[in-house]
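If you scroll down you'll find the structure; I have some questions about it.
Chain IDs A, B, C and D follow the sequence of writing; residue 1 opens each chain.
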Amino acid sequence: MQPVMTVDEVTAFLDREFPQIHDGGRVYAVERIAPGEAVVRLSASERHLRPGGTVSGPSMMALADLAAYVVILAHIGPVALAVTTNLAINFLRKPEPGDLIGTCRLLKLGKRLAVTECGIAGEGEIDLVAHATATYSVPPR
Amino acid sequence: MQPVMTVDEVTAFLDREFPQIHDGGRVYAVERIAPGEAVVRLSASERHLRPGGTVSGPSMMALADLAAYVVILAHIGPVALAVTTNLAINFLRKPEPGDLIGTCRLLKLGKRLAVTECGIAGEGEIDLVAHATATYSVPPR
Amino acid sequence: MQPVMTVDEVTAFLDREFPQIHDGGRVYAVERIAPGEAVVRLSASERHLRPGGTVSGPSMMALADLAAYVVILAHIGPVALAVTTNLAINFLRKPEPGDLIGTCRLLKLGKRLAVTECGIAGEGEIDLVAHATATYSVPPR
Amino acid sequence: MQPVMTVDEVTAFLDREFPQIHDGGRVYAVERIAPGEAVVRLSASERHLRPGGTVSGPSMMALADLAAYVVILAHIGPVALAVTTNLAINFLRKPEPGDLIGTCRLLKLGKRLAVTECGIAGEGEIDLVAHATATYSVPPR
């Protein structure tokens, strides 16, 4: 599966179509796009934290959802119409304070549905703090 | 299953323990607590919206997670230590602009795990815009 | 949502299209079809049991999947082509020995996807032993 | 994570504790145990098939559940008490007729919960036909 958009193209598309994700400060950054894979960073700000300075569950869910969207977008091209139909996440460990990296892989890129798997970990960490799967409904191509 | 906390007690507890959820403005309100059930409102602000003025998926995931926490808290008492272990959500319909109401029901309140089911709908609407299940690990009681 | 097939019509369709589900003896019975809802019984035989005589997890997953198929089929008519795309189940309590009743409700019946919610309980029991959600891809209608 | 049981030990344990899984003929075989991983084969018989000779969804769910149990068992030792609390599966492609291989990985082996991820594919195939995550409640150790 070859991507059809670059990191810069996806970033520009997100900025144009979904400026809200940067509301309150730019915290998400698309870091890497490769065949069947995308990597998105969450630079956690105050509003993503819980007592103890660790990233909240909803922030990890949002990261997984965005990373899934990015890997799909990068492989089908700039269509705003892909929508999440299902997201399931397991929280595995309490993250350390600091950025989180979401690495998302395409399990299926079908005519109507795209299914992705995302691992979330602290920077440079091997153990995942969360693991998610997300399904998107994609426009007919 | 009888609740052991009132709406005001749960609200005060959340304000004290999780002020971050009100970062950027108070948008969540615990509206009702009943045996085995809790109702939480999301008064969507700009940062919860997507193009077209509808509430974003991550905002609905955050609402489901909070509503699940509220129904558990209301039945086990004020313990900050309950943590989400799993959340699965199906997005059913594009919500209309406006507030969303999350109604969460306890499916199980066990010694170690609590399992909840949440329906999310627009105010006064019957059709759900999203349906979630969430599992929390609860401290031994 | 009005069903378009009766219990007998769905039963006859399943017998014709999916005889395998009765392999090793007829254990599933469609008991009720109502607007947006279907009820399916599992009369557990030896091969569905675990030590202690309780129904196995996989048997409950199969019941949830079948009940979801039944409620969809009953509302879209006899099309063999509906296929499960996602199933998520929470096991809540160890079931007592005996039959299990799966009650499945349509959360959404869309053009491409149908989403269902299923509660599984022992006969006459209120507390669920398992709760599942299932998504089916349905043929364009 | 080092396994503490061999393929033969796990197989013998399953035969002793869960003879029912071999009811109607021996179809599951533990093929490999490695650090954090287990591989289980489903040699599909008639009762696992759907029209067209492909393995049914419930058979894939049962394979994922068993493979998850095997990888956990292999790493915590022979305790029959581990029970599934949650299983979520995405069906990605219609499998070809023939055996299916379930490869299951430990995402977390905690004091109370073990979380696993399972990919299911035809023998020698790269594309997954299904992907599952399963959570087990494990006895205190």
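Simple rule for what comes next: contacts are C-beta pairs under 8 Å (C-beta built on N, C-alpha and C of every residue); 3 or more make two chains touch, one makes a residue touch a chain.
Being a predicted model, the structure only gives us computed values, none of them experimental.
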item: Chain whose mean Cα position lies farthest from chain D; value: B
item: Chain A-chain C separation of Cα centroids, rounded to whole Å; value: 34
item: Rounded Å distance, chain A centre to chain B centre (Cα mean); value: 23
item: Distance from the mean Cα position of chain C to that of chain B, given in whole angstrom; value: 28
item: Chain C residues counted as touching two or more neighbouring chains; value: 85-86, 88, 90, 135
item: Topology of the chain contact graph, where touching chains are joined (line, ring, star, complete, other); value: complete
item: Partner chain A, residues of chain B touching it in the complex; value: 17-18, 20, 23-24, 46-51, 56-58, 61-62, 65, 80, 83-91, 94
item: Chain B partner contacts - residues on chain C that touch it in the complex; value: 88, 90, 92-93, 107-108, 115, 117, 128, 131, 133, 135
item: Chain A - residues contacting chain C, complex; value: 85-86, 88, 112-113, 135, 137
